[in-house]
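All remarks here apply to the structure that follows.
Letters A, B, C and D mark the chains in the order given here, with residues in each chain numbered from 1 onward.
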Amino acid sequence: MSQSKKLTSHPAKKRFAAVFDSFMPIFATIAALLVGAIFLLLLDANPITAYSALLEGAFGSFNAFAETLVKAIPLLLVGLGTCIAYRGSVTNIGGEGQMIVGALLSTWIGLSFTNLPGWLMITIAMLAGILGGAVWGGLPGVLKAYFNVNEILSTVMMNAIAVQIMNYMLRGPMIDPVQAEAASQIPQTARLEMAYRLPRLVPTRLHIGLLIAIILAVMVYVLLWRTTLGYRIRAVGQNQSAAKYGGIDVKKHIVLALLLSGAFAGLAGMMQVYGVNYRMITDGSATGFTGNAGFNGIVAALFGQLHPLITIPASILFGGLLVGANSMQRIVQVPSALITALNGLVVVFVVSSEYFRRRSQRKRIAFIESEDEGKPPKERSEGLGEAAS
Amino acid sequence: MKNTIKLFSLLLITVLLVAGCTQAAPPVEEPEVSDQPLRVAIVTPSSMNDLAFSQSISDAMQALQKEMGEGKLEYVYSENMFVVDDAAAAIRSYAQQGFDIILAHGSQYGSSVQEIAPDFPNTVFAWGTTVDTFDMPNVHAYEAASDEGGFVNGVMAALLTETKVIGVVGPIETGDAKLYIDGFAAGVKSVDPEIDVRVTYIGSFSDVALAAEAATTHLSAGADVLTGSAQMVIGAIGKAKEAGAYWFGTQADQTSFAHDVVVASQVYHWEVLLREIFALRQSGVLGGETFAATLDNGGQVIKINPDLDLGQDVLDEAERVIQGIIDQTISIP
Amino acid sequence: MEIRADQTNKTPFTSLQMRNVCKRFPGVLANCEVDFDVVSGEVHALLGENGAGKSTLMKVLYGMYKLDDGEIILNGQPVTIQNPTVAINHGIGMIHQHFMLVPTLTVAENVALGLPSSKGPLTDLDVVSERIVQLASTYNLKIDPSALIWQLSVGQQQRVEIIKALYRGASLLLLDEPTAVLTPQEVDELFLIMRQMTSDGYGLGFISHKLHEVVEISDRITVLRNGRKIGTQLTSAVTKQTLANWMVGREITFITSNDKMDQGEVRIDMQAVSCPSQRGTEGLRHIDLQIHSGEIVGLAGVSGNGQLELAEVVTGLRPIKEGRVLLDGEDITGLIPGQVTEKGLSYVPEERMKDGMIRDFNISENLILREHHKWPFSKKGFLRIPYINEHTDKLVEQFRIKTPSRMTLAKNLSGGNIQKVLLARELSRSPRAIVAAQPTRGLDIGASEYVHEQLLEQRKLGTAILLISEDLDEIMALADRIAVIYEGQIMDVLPRLTATKEDLGLLMAGVHPGETIQN
Amino acid sequence: MIKDLFTATVIIGIISSGIRLATPYLYAAIGEMFGQRSGVLNLGVEGQMLLGAFVAYFVVLRTESLLLAILAAIGVGALMGLAMGFVTIQLQATQGIAGIGFYLFGMGMSNLLFQKLIGVVENIDGFSAIKIPLLGDIPVIGEIFFRQNLLVYLAFLLVPLAWFVLNKTTLGLKIRAVGENPEAADSLGVNVALVRYFTVTLGGILSSIAGASLSVALLNVFQQNMTAGQGFIAVALVYFGSWRPFGILAGALLFSMVNALQLWIQVLGIPIPSELAVMLPYILTILVLTLSLTKGKGPSALTKAFEREG
């Protein structure tokens, strides 16, 4: 070590800066909402009333918070998949389609076997959801690894295909027998048996899926940093040629990363059916079923800095934003399109705030050695490469 | 990183505790006072001015407001609730806010109503379009017999086509759209079974471009009369207008959109049903009824474009069929 | 001079002075109060170990780094160089250590990039190509303007870099470690070009850590250490020993492997191995090469003649088309890298950050790359973190890796320490054979010494070592036998004791000593 | 019934439908291609299209001026592009996520503005078909190719133009260099940020025109969410076309014509589920790309932010 001067800032100050940084997404959200306030004013709505309604609607009561958590479940699950995909350096924007296929498969099984004990069916259904999502995510993986088909292209296309399959299944083979008789033929399945529903946690709509998702978040953390599989996925994601040199089958792990991320989305789809709606209904679009969770989950993971554990609170905050925004729409009666625009603003602001976080982080990190031709430390993403211990 | 996790968990726990402590008070039951305005909340899947399904309920509410007079009827809405889950949250929230009547204006909202209604026994829930009240005392069901209007449109279309080819542009093959389209086809066949009714479902409620191209395809394939259902058909109407082909509308009056070619529109007048629902509530009946907007009760009207010269025989035949459906001498297969 | 005259109307270069230059990066002072000057017609060498701040100083001059303190005076005028465009406009050109070329573009496109075109908004590649040929012939730089960069050898790519600078009318040329990738013959050619340029009035800044080259080519030498200037001397007035001491700050000794080892049986046996290259052309052609246990075989050759392919064929990274590879008599042809690893073969890849290490993994994670799936690093699919940590701490100490913690990401380590991590991983496995490609490239003297010690240590233990290097001095110092590769073929294998640099140089150029050189 | 597909009417119909359907894809995908060639992935195309569609429609509705409409669309597209540029180039935000943000913003804003400023859909007089003299009179071919509206012609002219700009101009050279090796471009004095701002803004403008081509040229109406995912397809087509204008043209035509084909399959009453027909273009696009041997490698610096050290 040479005369290179380490930055010697006060440790307490440093810790404060670190805490400040981790709240950056929240500050960004607030900034976006401030911009949204201008729109609200233009729409003759009082921003203070509106935003209190938002907060109230998201966290203001036990029931509201439960709704927020219900909303957060699919976001968290898709977000966990995103964490894995991101570590494996694959871009999975097929969460919507994977949710649908997972839901279809698990619903089909749930409707086909009516005499099983609830816990057994729920387990089977979860596996079916995982399987469906895994297939729908794994296929683009295979196409990418073995046929060099870009996964952005294939996942976009497969979202559209999944929607059509859903529409067909729900008006055809899987239609509710009652609806098949009726003139209107609403494209929906029959309702699941009472016993098959995911148990509720408290007397609200909040179901056990939340606990499962949180446990899974921990498992994803363990998977990524404590298992050889996670190690391999991350190695392939970071540096394919080094991974190959390390004896890792690169192609296989590209498929696995997409497959696993699809599996989580598939499970999210299953939970929407078994935990919330108890049947599948289609309005002809993906969003009608997923509520955009396939996309928003990606955003939630980003809120959570692509770390499975931080994605838990991030999903809850993001879910709260969505639930609260809807509630705001009801209270101040602004067009719902504003909510979509606000949602977009929040995403843009949060993703931009990364810049400021990185910048202050870079200032904090003392350079390790000066031997390296005086190159500045290019620490872009603390935490992303961090290991378990 | 560890700090971050700790902090977030701390935050989370705080929020949970706060949320737990401030548990919501049960919804206040409002005393029935007759001079209070009737408060209605509407949840619709598309936007309130979609020139189709959602707009029809909005028009009905405005008509009723006018009819009942100043300050007698208030209504709020949540539009674009295509996410069933969000719609459920909206329905529950309106119920908690103590609205008198909640209109779940979308067939996909059935499950949500079924879940929520039992928790709010004093609130009237009306679910459309369907016939299923789940045997609940505070759930009404309403639907539109859009096959009736479809049948009438079909009869007129059959009389107007020269090429004996008629094109239909639909969204997805279900629900109200399918009901209308099947009725339409039956109407055509009732006049001349030889006429070819060709149906395309474009798989989307919003893809205007594909709807337009579907119409163009029908026109290239020889169709000279077109119809279609759902909000994306404006693309198809435009193509019909360009080609000078007749168009039949449904769900709302589409005449204003293309004066030269829109022959007739099946228009819903939900106010007819809503009036009944309001009246029943006054008499203490909160649910259990099934309503249908039909040609008979005026919930459904065939609005014929007066500016088009269709020939008297077509108009007469349409009138005859409408009457026939009303007095049930004509039944739709 | 006439080339420059028709290129630009820039004032000809007379002198450059950098005074009291300071450059800071967050947490580190890269240059501190450095003075450096170049006058027309001279080569002024900047000598120093890696990390001494040589490149930083030049990048400041070229406008790639912002100057924090100090001043730059060009031709008597103080100048501010905010970015490379300004530098180019001042007639400063730079040949970067890592080439600044766009691999998917042609030579002409790379040269034309960023320049105004004679055809306004349209490219004028025909004009550019013509001028390239012209320039190239003046300085004997044979190059095809329509060739794509990725198809060129490293030496050729360097010529493109030189042409790029000349084309822009550079009259002060900064060369950052230009010889690192060249054969002795190519180095001689480069020096010839440099001399011709100085006699044409160019000023040259020459960065190197190779003492003998600096002494050979430069007129003056400035030595940097730890970001500070140690001294400037006329080359004619200074001894190598002084320079070396200035560089390192202590006395240094040069290691050689003079002790004769008993060679064991054949470890690695390549029999008529052929394989295609990266570009789909013939990479290796019927390679026959044996390496014995306890022997270091040096593979000399100009970069791009099949060294990478050979290393990858042995380590299982590249499929073999014909022939076979044996390890201790066992056929390892067609095994995938993981299986080859199992057999006890270690590999130190040439591009360690690209092929051997994962930038965003920490030291622990990088140390287990090869055997993460095996006991004792993992059990039933789970990593054994406590053991891995213990293992890391042990190796960090044993291999003297300088790092604040085992959690430090590889990208935040210095080049020398990165190589130590890599060696720690590869050598701690007690390998039967090692393929080491350019193991000291980019390392300072201290770190290079360390690597050499380690390799010799392994040799003592009876490991078979294939040392691939473009540094003939390194090969001459370490190898027992020297194989020379040229266009995918082994030209000859010479015992170290009888090999001369001249002969090796000829072999590297594809000529057998004694043969008459044609064309 | 399958053989009904092989009649002149159907084939002509498919080709001419394909040309119309491909028009917005061409604008949007070519715009996206410029961005990606310089290293910026923009997933917000859909939002830019919707805003462009709305603005152009609104201007025609109020002023009846098509020129103003296109200028307004260009203005809005440029603003959206600049915003995307600021976020991804200046602030180095993750490009994919930022794009999703802009998609949601554009979709929400266009719906909001529509509801607040217009409310009820009306038909407008958009670009009308222009018959190219002589060529337009050629039987069959004339009808398919030379009786389209201005924006359709321009979309197809854009393809060779884009090829020319990319491969034959100094600007194109800079774009390609910046997308492959920004450090090298930077060392030669190419302003990497500026080049990227240019391409992303151009992309925004072209996406916006893509939307306008729907609302004021092909359909002459506006409806909420009328692009129905076309922006995402456009992004996918850039990958399909291996970042080359003619590849994109091929992809856009393939996708559009298969879409036209599936409409014909339904019109002719060929008995397959309508959903299967609708998914045909998506399946085929994946299949073609899977089986095709020549797949380009994307620009090396795609999605990588560039920042000069020091």
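A few comments on the model shown:
Going forward, contacts are C-beta pairs under 8 Å (C-beta built on N, C-alpha and C of every residue); 3 or more make two chains touch, one makes a residue touch a chain.
Source: prediction; values computed, not measured.
Comparing chain pairs C-D and A-B, the larger number of C-beta contacts belongs to A-B. If you average the CA atoms of chain A and of chain C, the two centres end up 44 Å from each other.
Averaged C-alpha coordinates put the centre of chain A at 33 Å from the centre of chain B.
Distance between chain A and chain D, defined via averaged C-alpha coordinates, is recorded as 28 Å.
Annotation for chain B: residues 47, 80, 172-173, 203-204, 206 touch two or more other chains. In chain D, 111, 115, 224, 229, 275, 278-279, 309-310 are the positions where the chain touches two or more neighbouring chains simultaneously.
Looking at chain C, one finds that residues 23, 25 touch two or more other chains.
Every pair of chains that touch is listed here: A-B, A-C, A-D, B-D, C-D. Residues of chain C touching chain D in their complex: 23, 25, 59-60, 62, 64-66, 83-85, 88, 94, 96, 99-105, 109-110, 112-117, 121-123, 164.
Residues of chain A touching chain B in their complex: 15, 18-19, 22-23, 57, 59-65, 67, 70-71, 163-164, 167, 170-171, 178, 182-188, 191, 205, 272, 276-279, 281-285, 287-292, 305, 307, 309-310, 312-314, 316, 323, 326-327, 329-330, 333, 335-337, 382-383, 386.
Across the complex, chain B is touched by residues 9-10, 12-13, 17, 20-21, 24, 111, 115, 119-123, 214, 218-221, 223-230, 259-260, 263-264, 266-269, 274-275, 278-279 of chain D. If you check the complex, the residues on chain D that touch chain C are 168-174, 176-177, 180-181, 183-190, 300, 308-310. Across the complex, chain A is touched by residues 1, 3-5, 7-9, 11-12, 15-16, 18-20, 22-24, 45, 47, 76-86, 88-90, 93-94, 96, 106-108, 110-112, 129-132, 143, 145, 147, 171-176, 178-179, 203-206 of chain B.
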